[in-house]
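Working notes for the structure below.
Chain nomenclature is as follows: A, B, C, D and E, assigned in order of appearance, with residue numbering initiated at 1 for each chain independently.
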Amino acid sequence: MMSAIFANLPALQVILPLLFAPICFLLRKRGAAWLLAFCVSLCTFAVSIALFMQVSAAGPLSYAMGGWDPPWGIEYRVDSFNAPFLVLLSLMFCVTLAFSYKSVEKEIVQPRHALFYSAFMLCVAGLLGIVITGDAFNVFVFLEISSLSSYILISFGKDRRALTAAFQYLIMGTIGATFLLIGIGFIYMMTGTLNMADLAVRLPSVMDTHTVRAAFAFIIVGMSIKVALFPLHVWLPNAYGYAPSAASVFLAATSTKVSLYVLIRFTFTVFGAGFAFGAMPLQPILLVLAVTAVFVGSLSAIFQTNIKHVLAYSSVAQIGYMVIGFALASHAGLSAGILHMFNHAVMKGCLFLVAGCVFYRFRSARIEDFRGLGKTMPWTMGAFVVGGLGLIGMPLTAGFVSKWYLIMAALDHGFVGFLIIAAVLAGSLLAVAYVWRIVEVAYFQAPDEVHENGKEAPFILLVPAWFMALLTLYIGIDPSLVVGAAESAALSLLGSTP
Amino acid sequence: MFLAATLSIMTVMLLALIRAFAGPGLFDRILAVNMFGTKTVLLVAVLSVLGGQPTFIDVAVVYVLINFISIVAVLRFFEFGRREDEAEEGR
Amino acid sequence: MLVATALSCIFVRDLFAVIMVFGLYSLLSAGFFLSLKAPDVALTEASIGAGIAPILMLGTLALTRKRSEPQPRAKKSLRSALLPLVVVSLTGVALIYATLDMPYFADPAAPIHNHVVPRYIEQSGQETGIPNIVTSILASYRGYDTLGEAFVIFAAGLGVLALLGFLSDGSGREYWQFEDTANLRHHAVLHVISKILIPLILLYALYVQFHGEYSPGGGFQAGVIFAVAFILYALVYGLEAAYKIMSPVVLRYMMVIGVLIYGGTGVLCLILGGHYLEYGVLSDYPKHGQHIGIILVELGVGVTVASVMMTLFFTFSGRAKRSVLKKQGVET
Amino acid sequence: MSLFIDIISWACILCGGFLGVTGAIGLFRFPDFYTRLHAASITDTLCAGLIILGLILQAGFTLMSLKLLMLLGIFAYTAPTASHILAKTAFKCGLKPVLYDQKGGGS
Amino acid sequence: MTLVFGLFNYWVAMVLMMIGFYILIASGNLIKKIIGLNIFQTSVFILYISMGKIKGGAVPILTEGTEIYTNPLPHVLILTAIVVGVATTALALALVVRIKEAYGSIEEDDIHEKDGSL
């Protein structure tokens, strides 16, 4: 029995949340729905840990769906690049669910709770499916599952602007997905296969054609929309800003990362770094865009009044860092980018959790609401400070580690590298500005009448927030685990290039 | 012969299409769309029998049903709109 | 023709006409699929693109049309007109650029005809025992994609429910009492015709569902046709009457049951010691097992699609009715 | 015998095609909606009927012709119904037919 | 000349895509946007189905005595994609209804006006 379960772990990873979502949909009682979702999330987490162990012990796993061998059937493939992602996703799944019990109660009307949890599970399942699959078209299908359910999650927001945000996201997201579809169609046309490993084998012979180049461009542009890379980021701030807190925690921490994952996967595994950075002018374009993203994102963040918007714009900037790492295309750069993806997920998760706590108390999360919170809600603000320091990149926090690696990677690139380092440092300074603005309000301004009687957020909300904060600190102090994972991931990506 | 049948149906389709684009009133458009749908079904039927594609006939059956239902839906929509108008005017 | 239709979509101002033209466009493209020897796809595109989608759009239009229509709006700044054009031309250039090296249309030497597919064509007959290759790939070789697809549909149903809600949900109770049969009584002709037609459609849906292994068709198409029959019923006899036959609660359960049939088949395969969705283990003979699996899976898809489509229609038209009521409520 | 059937079926199909074209021309030439509807629906029904009849004769006695028969039945039901409700709704929505003495006032 | 004939189908699909895409991003009306989205997607489907066509290929249903079949794999993919497309459309339409109820308009400009500074 045990061995049967172990043999089918890759399938279970996705199937669990996917199949329990409809069951959850039927549950009338709020508590029951939550409990079911939480149990499923724990199981998913366990599965992902087990997968991670297996992969690090025995190398890449391949699982044939329906028992058909890969180029004909759909293959699930777990290697040292996506196994950590699975862990990250299911970890965020657990943490957000723990948080959502109280938060959802406050932000969403009672009869819709089961719908919320159900959509949430679908979203997780979709993201897991994207990460784990080894089939290009399957990526599209699961991308649509996760995006449809994230539109739903966003539209649960109370503010009417949540609706327009969701609509905007829907339009942009569907354009992105359709571009991806076009790209996949082109490469399918040239090679006749949809399996990623098989594609990688067959693509080099047709690499020089216009079609493949255009396919690459379409996939990159399509996924950049989903990643919210600089000129295509317009949907992100509103979508995260108006979503219910629990949803924005999860989406902010994972959704863009998964899209970036797809981007990296296609670039390195399917097309191969040699093609992507040799034949196509990918590097300069991505670098310029990423650096602009850092500046634009940070500057916009400084001028926002709503904390969720500050965090969302800061996400745009942080995505810039990740893309820089990825665009450097060296082993060090790639591992820095991947490292930052993890660290940012943890830090942003922490910050959005704090925003959710504040929202829970005051039903809004404008900057004024933070007035005096340093005294009234010390624990909440403590977590915020930790996360904020991480964003800035202070030593002893996770942010420092990944920025350090990023700078080290940039050093190999001569003059361009120096420009990048300058950009990273300037971005950090800007981050200081927007984080400080909130911290200043919280600690050095007296609370007004409305907020004077504010008290500490409920314990159950604080636990996940502090868990993430401690994780930030832990990674900052002892980064060996994450760095090891990121480095082996980068190695497997570059190693698999033909 | 086969060609003649196909061609005549094609002509009708084209004319109906032009009417659908140009049609001055909404109902003209609906009429033209309906006619277009019918002719598509006929065309598919002709192709299926004379072109030796027995599977196409299933598609034709679905087309004819869909065509009818969308016409009903459109007209019910109009009625609905009218009732809403009345409700609004009555206010 | 297609190009003309699509172009006219840009220039026709009236939304209603655009929807009609869009329906035409779908029908045309379905015809195009047919001429490219893709009857399954044509069937789906016709029933979904020309059937369900315009009906839903009309429903939305009915809900949104009023009050905003009178003000004519033609103030478009140059910038807002140019930017899309630039973006589109860039995309277009990329697309045309891509075509330059493509294998020619219908060229038998193109890679896609020679790599993975021959195996499907040569062996799917022995491996699954089903003549319709599309069905066997859909349900078995790439069954997992189809599972994802069933869940996408489920997610859409869930989302629409979350956004619009059923008539009978919670406070919506009183709307049940709304009688509009009086309004419908004058459609005597329609009543009689539908009475004859609806059983026919249902029968046909079942045919498409269970004959899908031998002729074009399968779960999706059957589900849509099935739903269309009910939509016709609701259109002709009123929403109320339709609810009596297929109540929202039942639909809700059906949605779930549909996806669970699909997923459950997969889990069953797991329990019997195969891989996920490996139907071969369902019976002593792999071919037989495949057959059982495919039928089950198609059934699951059919149930899901039918119930979700009905749900979509019911929620939209229920919403419409509610808005009418609100106005009449103001009136009295 | 088969030649006889062929001739009949071709005659049917040709007549049908001809009627269809007539109808379409009617759709263009008539002055207002109701006359256009008249032109379209009458020819439509007969045209469809004839063509399918011709096809049935061509197909012989097979599953195909059964389906064609079904198609014919559905056509016979739906096409007039559609025209009927079309006219009815149009009339109720206030679209008036053009009468003899007020020529040129269409739509 | 073979270039033109060989690629004509694809070009049609491309032109359709561009039209759909244009409607999608240029029109201010939300419903029209959705229609544009649909046209865009449908033309991608046409692209896929076109590439599945093979000279002299029969409908992909196994029958005695037929050797060449049209490529069934794109058909399968497009079946999936059509259903995904209709799901997206339905959700988008539901959102439009809600937006209309919240804002009283489905024109993009109006909505931005009503939100004031976003």
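In this section, a residue touches a chain if its C-beta (ideal position, glycine included) is under 8 Å from a C-beta of that chain, and two chains touch if they have at least 3 such contacts.
Treat the numbers as computed from the prediction; the structure is a model and nothing was measured.
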Touching both chain B and chain C, which chains are there? D, E
Farthest CA centroid from chain B: chain A
By count of C-beta pairs in contact, the leading pair of chains: C-E
Taking each chain's centre as the mean position of its Cα atoms, how many Å separate chain A from chain C? 31
Rounded Å distance between chain A and chain D, as computed from the means of their C-alpha atoms: 59
Distance between chain B and chain D based on Cα centroids, please, to the nearest Å. 12
Using the touch definition from the top, which residues of chain D touch two or more other chains? 70, 74, 78, 81, 85
In chain A, the residues touching two or more other chains are 137, 141, 144, 148, 151-152, 155, 182, 188-189, 194
Which chain E residues touch at least two other chains? 17, 21, 51, 59, 61, 73-74, 77, 80, 84, 87-88, 91, 95-96, 98
So the complete set of touching chain pairs is A-C, A-E, B-C, B-D, B-E, C-D, C-E
Which of the residues in chain B end up touching chain E in this complex? 53, 55
Mind listing the chain B positions that touch chain C in their complex? 14, 17, 20-21, 26, 29-30, 33, 36-37, 40, 43-44, 47, 53, 55-56, 58-59, 61-63, 65-70, 72-74, 76-77, 79-81, 83-84, 87-88, 90-91
Residues of chain E that touch chain C when the two form their complex: 2, 5-12, 14-23, 25-26, 28-29, 31-32, 34-36, 38-39, 42-43, 45-46, 49-55, 57-63, 68-80, 82-84, 86-91, 93-98, 100, 104-107, 109-110
Which residues, counting only chain A, touch chain E once they are in their complex? 137, 140-141, 144, 148, 151-152, 155, 160-161, 163-164, 166-167, 170-171, 174-175, 178, 181-182, 185, 188-189, 194, 238
Touching chain B in the complex: which residues of chain E? 59, 61
